[in-house]
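Each of the two complexes below includes chain A, the first together with chain B, the second together with chain C.
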Partner chain A sequence: MAGASRNGNGGLGTRALLWTLPVLLLTLYVVPFAGVISWSVTQPEVGFGQYWRILSGGDMTNVFLRTLRIAVVSTAITILVGFCLSYYWVMGSRLRQTILEVCIFIPFWISVLVRAFGWLIILRDNGLANGFLMATRLISEPLGTGRNEFAVIVGMVHFMVPFSVFPMATVMRKIDRRILLAAHGLGADPATVFRKIFLPLSMPGVFAAFVMVLVFSVGFFVTPAILGGGRVVMVAEAVFVQMFQTTNWGLGAAMSVVLLVLIGAIVGLAYRLLGLRSFVG
Partner chain B sequence: MMFGRSRLGGVLAYLAAAFLLLPLAAVIPVSFTAKRFLSMPNGEWSLRHYRSLFEDGAWLSSIGTSVSIALMSSVLATALAIMFGLGLWLGRPRVGAFLVGFALLPMVVPPVTSAIILYFLLARLGLLDTIPGLVIGHAIMTMPFAVVAMLSAFAKLDRGLDMAARNLGASTGQSIFLVVLPNLKTGTLSAWFLTFMLSWEETTVTLFTSGVEVITLPKRIWDNLRLNVDPVIAAISVVMVVLTTVVIITRALARHRLSPSG
Partner chain C sequence: MTSHIKMVGVSKAFGAFNALNRIDLDIRRGEFLTFLGPSGSGKTTLLMILAGFEKPSGGMVTKDGADITGVSADRRNFGMVFQGYALFPHMSVADNIGFPLRVRGVDKRERQARVADMVDLVGLAGHQSKRPQDLSGGQQQRVALARALVFGPELLLLDEPLSALDKNLREQLQFELKEIHRKTGTTFVFVTHDQNEALALSDRIAIFNHGDIVQIDTPERLYSAPCDRFTAEFLGSINIFKLKNPRRQNGSIIGEFGGQVLSAPALEGAISSLLSVRPEFLDVREAGPASDEDGVRAVLRAQVYQGGSTILKLATADGSELIAMRAAGQAPCVEIDKPVWVTWPRLRGRLIPENSLSREVTEPLTTTMGGTWKITSNRTA
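Coming up: the complex of A and B.
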């Protein structure tokens, strides 16, 4: 017992276990982040010129505005599609539940590159979508579905939907079915039960999913870079271009710092407005 | 009264599900094309792209590189998460909530910001474009997911176990290795599997910190998608899609059969 109390709670061994990961993260992640910030104000010259370039309304401001626009549109679509899937995954018959679960989990585990590639095959100008529409004579000229915002949004929505389902389904699963039955027993038809009871009770999950998907979309890199084909440049791809093609490290670093601040603001705002304790915790 | 049985809603849900599977199905016919460029097999089906996947040394060596980096970084990330979880569970420190939030940072920070941070770090360490550099980068990026998995495993663990072991005379070390850790087997396995898969498909940090000497599978696929698309990518995609589908359907069937009908 003496040994146990010496090595027990708060002992040296326990403290070493606890602090290894935070100390490593501090040295290998937080300290280099200070280095990135120093790049952003010293490359190529000392000052806030790079930040000014991002905020002053020029080409880089446009990249940020385009990113926000695409992120908001694809988040809204993702939540609609994800809600529909979550509802039937949680409330549907057992067969429906199993089928939907399989359809949600298969893309979830498949690499983002493979999924973007699949959409490239479908949406490029001589791809499957145009081929099908022309063969059925619905259109006579190929539609411009590749390398534009449409393709980027389709690919992003496809990537996000499985992620959006999990927080929504978790909240829906906790809704007490007896409340729904009680409302029905008191004379409400299914549509009213859904609108007045189910929908309000599932809103915390919808908000959590919305914030998570929005944060993901704002920082998206792979899907826009492949499906946008260099024509729909979002912030993350612009950072890559600045670092490795125009080698303007200062601008790349400044953009990545602004992106981080933007995402911090989104999460902070959501926390304040919606009280998303469950999302942060 | 049954909920979730509406015909129209059901159709919408199945349409959404079809949308999720559509691009995965689209790669299948393309992988059998006989041509050297991306196209549908027009009456002429061929396995040449599957053959070149297994005969072309470049693709095979990239798969090997990705697997070994994923193995090392996932073991590292999981080990760190176990230590951290143990420290929290045994010590119950007052700063615990803060430390957990701190440990999850790389999951919340946008990947491209993390990628620049790790580029800066690895450049300073002289580890850019090396396997150890990528292992460090992937371990940092995937570690928060291992922490989440381990913390939920620790949360389910009965504190009585540790106390009983100590009352019976076990030292802290004995209690950890003989009692606590064996009870965390499932959590550890899911933390390891999750970090392995995340490292296997990690693209952003990999593109920023490697690409000439060390070429992972995602990097090779990326180059091909950006330059000239080789149908070998379709063959690789089909292999991945089929493997994933088999695993997930098997699991779903097992659970469908186990759960009581209703």
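Coming up: the complex of A and C.
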């Protein structure tokens, strides 16, 4: 038996390491979440009433629709900005690459809370942006850029752009420069080389970044809570409110389950369409 | 043949490093011209300037008399085959080949017809819908060639296109390349560091060293009449005897080597002390030189059997080495370490100019007083 174990997947120590992650996931995530699921169909009474409330087209449906809208819009903007940044990073000279690396990494060191408050200071009615524009007489009254969807999207894009750069830059860096040179030499002008060669070859990175950022933004909490100021409530904040302020645990739990199903659907769809390999390179 | 592309005083500097020193070159219409030289000799840089990917630091490139120095690569209408092929991995074979036509706005029906013609020319029938990564190296090479020729370029540039292939396939593709050159009549400019490839394919070869074209001529003339020691040693193997006290006598140069008087027809200009003989002209035997022959004493050190021929390595009294080639069928008649004569017909001895014609000194000459040998080709399988 000892021999068989050695010939198999290693000894007891290796197997213990192998099982650590699944056991942790099971005890710290799956089991508690099973509790959440059970609340969603038992609180306050047994049945699917809470789910019906979410799907029936009332307030809660609006929260989900708003969340999806904000997520899709901010993801699209993030990918656009991140793509330009990745292109500029990968194709640049050494100096440009170094400067961009610093610019991409520094935001990681700053807490999401601090960054949200930073944007609040800039965007609110008596904040930096409106103050500057009014002082230069470009506008006569504040643009209303604080505490609305616009502010939430600005904050979310700012948070997610650095994350979107990595999958795209990794794929772009793997594109053989000689292929671009060949296309140019065979008669394609720079715009055509970009459209027909560079863009198709970087699409795996774009898809990977898109799915990652979309999943991320559907569950955003801090940024919309601060920059939305209670007027732009997204699902995560709504769950928080149901759980801790109105103590409607059943509704909060049902929303969590729907959110999880939504994210699972996005990931599953991406997996089916693109394959997991395009995410890990 | 008429002149097609002309390069006048083309130079290229990368920082303080001169990759090319004022190159003058006349490429003739329809010829197969090879740039041959060691790595770092400037041959690829010149190809990149020709293609329009690099801007020369000085000088001018003209096509049929018109200046094209500032014309970008996509407007030059030259085909190019890259080292490693650089095929588009997200396109099928047919789309790869059709790409140059698509960017030129050729309509779909004509595009398909011309792609089909190219597929036949390079022998890729049945592979049109495959992706490049599903093809073998030789097939990828053919796709790259078809893609570079499909739009009927006036000039085809090839950057070491065969270097990634194994020996047998390389030889087969050499024949195909030669055949395609004949069929299309396009001007080919081919870059390689493989002398055998250059000798096999080219109408003319330009020998590159340290950013200069040292000599440009037909393969036969380069091999039989190298203009300097670098060319002589770079193409094939050669034995070089440094003569003591070289002097003129009846239209020849004579001088001593290892106690023997050797001679060769004099060159124009200064007296040279470097007498060269190709290994295939050397005979190794016990009898001394006949009246129309020259010879030196040596001992046989080693023999290398190569199938079609045998390479003999010999050493002269002063320790310098000689290399002789014996065709198959001639039984080796000498024993290892036994004194023998190495002889050759006097007419086969050839002087090599000591002062290189190139503007820069090429390889530093070895300090051995006598002959030196060097096998430049070590690419025996």
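The definition used in the following text is that the second predicted complex is superposed on the first by the 265 of 281 C-alpha atoms of A that agree within 3 Å, B and C clash if a C-alpha of one lies under 4 Å from a C-alpha of the other, contacts with A are read in each partner's own complex, and residues count from 1 in each chain.
Note that a contact is a pair of C-beta atoms (placed from the backbone, for glycine too) under 8 Å apart; a residue touches a chain by one contact, two chains touch by 3 or more.
What you see is a predicted model; the values in this text were computed from it and never measured.
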{"item": "When chain B and chain C are modelled together on chain A, clash or fit", "value": "fit"}
{"item": "Touching partner for A:G144 - first (chain B), second (chain C), both, neither", "value": "neither"}
{"item": "Which of chain B and chain C A:R178 touches, first, second, both or neither", "value": "second"}
{"item": "Three-chain overlay, vertex chain A: chain B-chain C angle, C-alpha, nearest 10 degrees", "value": "90"}
{"item": "First, second, both or neither for A:L24, with chain B first and chain C second", "value": "first"}
{"item": "Contacts of A:P44 with chain B and chain C, given as first, second, both or neither", "value": "neither"}
{"item": "Touched partner set for A:G11, first chain B, second chain C, both or neither", "value": "first"}
{"item": "Which of chain B and chain C A:G268 touches, first, second, both or neither", "value": "neither"}
{"item": "Touched partner set for A:G58, first chain B, second chain C, both or neither", "value": "neither"}
{"item": "Gap in Å between nearest CA atoms once chain C and chain B share a frame through chain A", "value": "5"}
{"item": "Footprint overlap on chain A, comparing chain B with chain C", "value": "181, 184"}
{"item": "Contact footprint of chain A on chain C as seen in their complex", "value": "51-53, 72-74, 77-80, 82-84, 86-90, 99-100, 102-104, 147-148, 151"}
{"item": "Of all residues in chain B, those that touch chain A in their complex", "value": "1, 3-6, 9-10, 12-14, 16-27, 30, 38, 40, 80-81, 83-84, 86-88, 90-93, 99, 101-103, 105-106, 108-114, 116-121, 124, 136, 140, 143, 147, 166, 171-173, 197, 200-201, 203-204, 207-208, 218, 221-222, 225-226, 229, 233-234, 236-237, 240-241, 244-245, 247-249, 252, 255-256, 259, 261-262"}
{"item": "Touch list for chain A against partner chain C, complex", "value": "176, 178-179, 181-189, 192, 196-197, 200-201"}
{"item": "Of chain A, residues touching chain B in the complex", "value": "1, 3-4, 7-11, 13-22, 24-25, 28-30, 32-33, 35-36, 39, 81, 84-85, 87-94, 96, 98-107, 109-122, 128, 131, 158, 161-162, 177, 180-181, 184, 190, 193-194, 198, 215, 218-219, 221-222, 225-226, 235-236, 239-240, 243-244, 252-253, 256-257, 259-260, 263, 267, 280"}
